[in-house]
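Notes follow the structure.
Letters are used for the chains, namely A, B, C and D, taken in the order the chains are written, and counting of residues starts over at 1 for each.
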C-alpha cells in the first residue's frame, strides 16, 4: 500500500510539474502557426542514415507530395537539448527563451504532429493542460468550499436553515449537470477574454457541484453532534470551537480530501466538455477541450489520429486521480472504525 | 407521590435534587409534536463520599436524570444543589466553574473516546480545555493512568489498541484529571464481561475511598448495584417509586417495580446460591 | 398513499424551483441575445431596443417570469427568438428522440449492471471480480466525452456503421424498414451510453449486494440449510433492491447529461443538439425550456424510483422508516 | 472418553486457526473434544473472546472466509461434518443440526414476512404441500408462544419487538425437528423478565422434543437453569468439563472457581455494606498467537513453574469430570 501511494503521488507531481513549466518543455509557442504544414504527422526521429549510426537523433523536414507528406532525406537536422526558442514567461515570473529540446529552423519537430493550422500539438497539449487542469482544480476548490460552508451551517444550526439549505442541495442534485452547465453558460456572453472565460467557467462548474459535498459534510456534522465523545467533551465544558476543531474538522477534512480526488477529474472533464462544444475557452487559446473539438468532423477524425493526444493526456490525469481516490478512500476508512 | 426523602442534615449532602422535571418533545418532520415527560418530580440526595444507585427498567428515565445532573441538558423545572450551589438553570458561561466538579462515564466505552485520538490526547482533553500547559498535562495524565492501573507507557498508543474494559478505564482516568467530586456512571458496566465488570467496580470502590468521590450509579442490574451502593432509588415511568438504604430495599421491597427488578435478578441466581451456598 | 402524495408535491415544488433558478441566472448574466446584433453596424440601436421590447426582454424579471409562467400554463413554455415559434412544440419533437435513446439506454444499462453486479458479488474476490474492478475504475475515470469520441473514431475508421444525420421521420418507408434503420442509427449512441453508465452502476449494485451478503440474516439463512441459489434470489436480491433503486434516481442525472453529450457527438437528433444550438445562439427561452424538460425527465425518473421503492421495501409501506 | 450410550455429536481434537490481515495466525480453537447425547443440554461457558462462537460456527460449517479447521473431526451420527460435501452439509444444516444466531434482531429478512421465512426452512428440507407448510408454521408459532399465529404470519420483522423476533428465529431453528440445537448467546441482548421467558422456552423444548441443546453463553445463571453438563472454555481451550451440579459445588480448575466466586459475590442475598468483588487479576487473554504453557497462567492464583512451560493435559480426577490443570495431574 505504501509503495503504491508513493508512485501515485510521484506521477501526479510529474504531471503537474510538466504543466506548470509548460513554456520550458514545449518547443514552440502554442499559437505560432505553420501554414505550409497543416496536419503534419508526428516527426520521425532517426538514428541511422546513409553514413551509419549517430548518437544524436536527427529529423528530416516534411515535403508535401501528392499523396501526403514525404520526408526530405536530403538534409538532416540534429535535435539539441536546451535550445533557444520563442520567448515566454517561465512560471509567469521571468522572461526567458530557453526550451528543453528543439531543432534549428527551417525544420520543425512536432512530437505529436500538427493541427489544422500547423500548430505544434505537443506544445498545445501542455499549454492546454494548464488551462484544463487549473480549471478543474479551481472548480473543485469552489465546490468544496461552498459545500463545506453550507454543510457546516446546515448541520450545526439545524431547523429552518437546515431545511432551506437541504432543499437547495436537492434542487441542484436533481438537475442533470450538463444541461444546467449549458444553460448557465448560455446566459453568459459568448465572446469574453480568455481570463474572464476561465474565471467564469470555474465558477459555473464549481457552483453546480456544491450540492454533494454539502450533503456529506452536513451528515458528518449532524452525526458528530450526537456521538458520545462529543457529549463527553461538552461535559468537560468544551466550547463549540473546541468541539469543531478537535472532533468535527478531522472528519470533515477527511471527506473533503476524498471528494477532491473524486471531483477534480470530473471537473476537468466538465471543462473539456464545455470547450469541446465551443462554450469554454475559445481559440486561439489552447485547451484540451477546444483541441478535441476539431475532431467533430469525421474526415479529421479518420485520417489524423494524432489529434487525439489531448484525450490521452486527459485519460492519464484522470486515471492517476482515480487511483489516488481509491487509496485515500481506503486510508480514510482504515483510520475511522465503523462509526 | 413517593414519600418524602429522609432529609439528613442539609449541609452534609453533597448533591441534592428537588422537584426535577424534564420532558422531551418528539419533533421531527413527520410525527406530531408530542411532549413526553421523561422525568418528573425527582427528589434525591447523595452525601459526600457515598453512592446512590438509580435503578429501573430501560426507558424509566434514569439517563434523563443523569444528563440533567451533569447539565448536558437543561431541566424544565426543579433545583440541583451541588456543593451548596443551584446549577439547574445556570447559563453556559457560569457553568464553566461548575463543570470540573462533575464528570460522566458513558455506557459504551468504545464511542465515548474519539477513535482518532491517542490515549494521551484522550485523557488530556479536559486539561486542554482548561488551558493547562503541555508538561503539566502530561504529568497529570501519567498520574491518572497509574490510578486506573494502566501502563503509563500506553499513553502514546492509539485508543483503538485498547480493549473494551481498558477503554472504560481510560474514560475514568480522563474524568479524574479535573479532580471531580461527583461521578455520574451511566450504565458503566453493562456490556462488559463478568470479570471485567468486577475489575472496574473494584477500581471505582478504591477511587471512592481514596478521593472521597460521590457516585450517582445508573444501572438496570440490581444484583451488581447491591454491592456498590449505599442507597438505592428505584425509577419507573419517569418517577422515583421507592428509595432507601440498599439493605432495606434488597431485603423487603415495598413497590411492585422493585419486586419485579429483584425477582428477575434473583430467580436466575437463587438456584446458583442454593447449590453454591453449600460450598461457600 | 400519503407517501406518494408527498413525493408528487415535492416534485412540483422542485420544478418550480428549477424555473426560478434559471430566471435568476438570466438576471445575473450581463449579455443578451441581441448583443451580437449590436456589433454589426447596419442594425440601428432603435431596432434593437424595439426587438427587445417585442420579446419583452427589457421588462423587469418578475414580469418576465410571470409572463413565462402564463405561457407555460398554455403549454408554450415561452417564445423562442431564433425560431420565432413557441418553444414547446420545438422541444417536444426532439424530446421524443431523446426519451427513446435514454430509456433504451437506461433499460439496457440496468439489465446489464444488475446481472453483472450480482454475479460479481457472488464471486467476490475471484480473478474475474478483481479484473472487472480494475477495468471499471479505468472506464469511470475516463471522461464521457473522450469515450464518445474514441468509440466514434473506431466505428468511423472501420466503417462499422453507416453514419447519417437528419431527422428520424420515417413516413415514406414501411414500419419494419423504419425500425431497422432506427435500430442501426441508435446502435452507436446506445452502446456508448450503456458502456459509460454501466461501469458506474455495476460497482454500486455489487457494493449493495455485498453489503446485504454480509448481514446476519443471510448468514442465518445459510445456517438453516436453505440452498445458495434460493438465499440469493429470495433473501439477498429483495433486500438489496431498495438501496439499488434509491441509486436509480441518482444515476438518472448522469444518464441524461451523458445522453446530451452523446447525441451531439453522434449526431442523434435529440434534445442535446437543439439545446446546444440554443446556447450558442443565446436563445433564452429555448434553453430554459430545455432545462425544464431535462429536469422533468429527472423528476419523473425519481418518481418512478419512489414507486418502485414503495413496492420493494415494506418498511416504507408501513411508514416505519423513511428509508430513502 | 467414549460413552456407552449412543453419542449424537462427537467432537474430537478440533482446531481452528484465523489468519489475520497482518499475516499472523491466531489459534481460535485448540484441541476441543466434546460429546453430546440426545436429549442432553451441554453448556459452553466462557467470557467473550474465548472462541465459543467460533466453535458453534465450526460445527455448523459456516466459519468466516479467513478461518479454517486444520485438525480434528466433528462426528454427527458417525459422519464427519468436516469431510462432507457442501450439498450433504446443507441437508444437515437446519434439519440435523440448527443454530439460533447470536443477534436475533438482525437475523430476519427485513423485506419478507416472518411466516414466509419460517416456511423457507421447511421448504428446504421437508416435502410438504404449501397448505401443510402453512399449518406447520402456525403450530410452530403457537409453540414458541405467539397467541395469534395467523396474524403474526404476515407481519414484517421491523413490526416485532426484540423478544418476539428471537422467538421467530427459534421457530425457524426447530422447524424441521433438528436432533441438535445450538443456541449462541440466547439471552445476552435481553434484559430481566424477557431473559427468563426465553430460558423457559428452551428448557420446554428439551422436555417436549428430547432435542439435544448446546447452550453457548457467558451468563452463569442461564447455565444453572438449563445445562446438565457444562464445559468451561478459556481462550480457545476447554479447561474443565463435568456435570453442572458437581462442578458448581466443587469446581476443580482455578478459572471456574474464580468465575463461581464472582457470580455468587454479586448475589443479592449477601447482605451488608459495600465489599470488593473477588476479581480475577489481569486482562481476559483474547486468543493470542500460539504460545506454550497454560493460557490461564498469567491470571492464575495457584500458578506453578511448570504452568509456564507445558500446557496441561486433560485428566479425569473423578468419573464424568475432566480438567486440564497441573494441580490434578500425575
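FYI, contacts are C-beta pairs under 8 Å (C-beta built on N, C-alpha and C of every residue); 3 or more make two chains touch, one makes a residue touch a chain.
Remember, predicted model here, so these are calculated numbers, not experimental data.
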Third chains touching both subunit B and subunit A: none
Pair with more cross-chain C-beta pairs in contact, given C-D and A-C: A-C
Distance from subunit C to subunit B - Cα centre to Cα centre, in angstrom: 56
Whole-Å gap between the CA centroids of subunit A and subunit C: 25
Centroid spacing, where centroids are CA-atom means, of subunit B and subunit D in whole angstrom: 33
In contact (per the touch rule at the top): chain pairs: A-B, A-C, B-D, C-D
Subunit D-facing residues of subunit C, complex: 125, 215-217, 219-227, 230, 234-235, 238-239, 241-242, 312-315, 318, 320-321
Contacting residues of subunit A [partner subunit C, same complex]: 167, 170-171, 173-180, 182-190, 265-266, 268-269, 272-273, 276-279, 289, 292, 295-296, 298, 301-302, 305, 308, 311, 314-315, 318-319, 321-323, 326
Touch list for subunit C against partner subunit A, complex: 14, 17-18, 21-22, 25-26, 28-31, 35-36, 137-138, 140-146, 149-150, 152-153, 156-157, 163, 250, 252-254, 256-258, 260-261, 264-265, 275-276, 278-280, 282-284, 287-288, 290-291, 294-295, 297-299, 302
Sites on subunit D touched by subunit B in the complex: 47-48, 191-193, 195-196, 199, 218-222, 224-225, 245, 248-250, 258-260, 262-280, 283-284, 286
Interfacial residue positions of subunit B with respect to subunit A in the complex: 70, 72, 95-96, 99-100, 102-104, 106, 108, 111-116, 125-126, 128-130, 160, 171, 174, 178
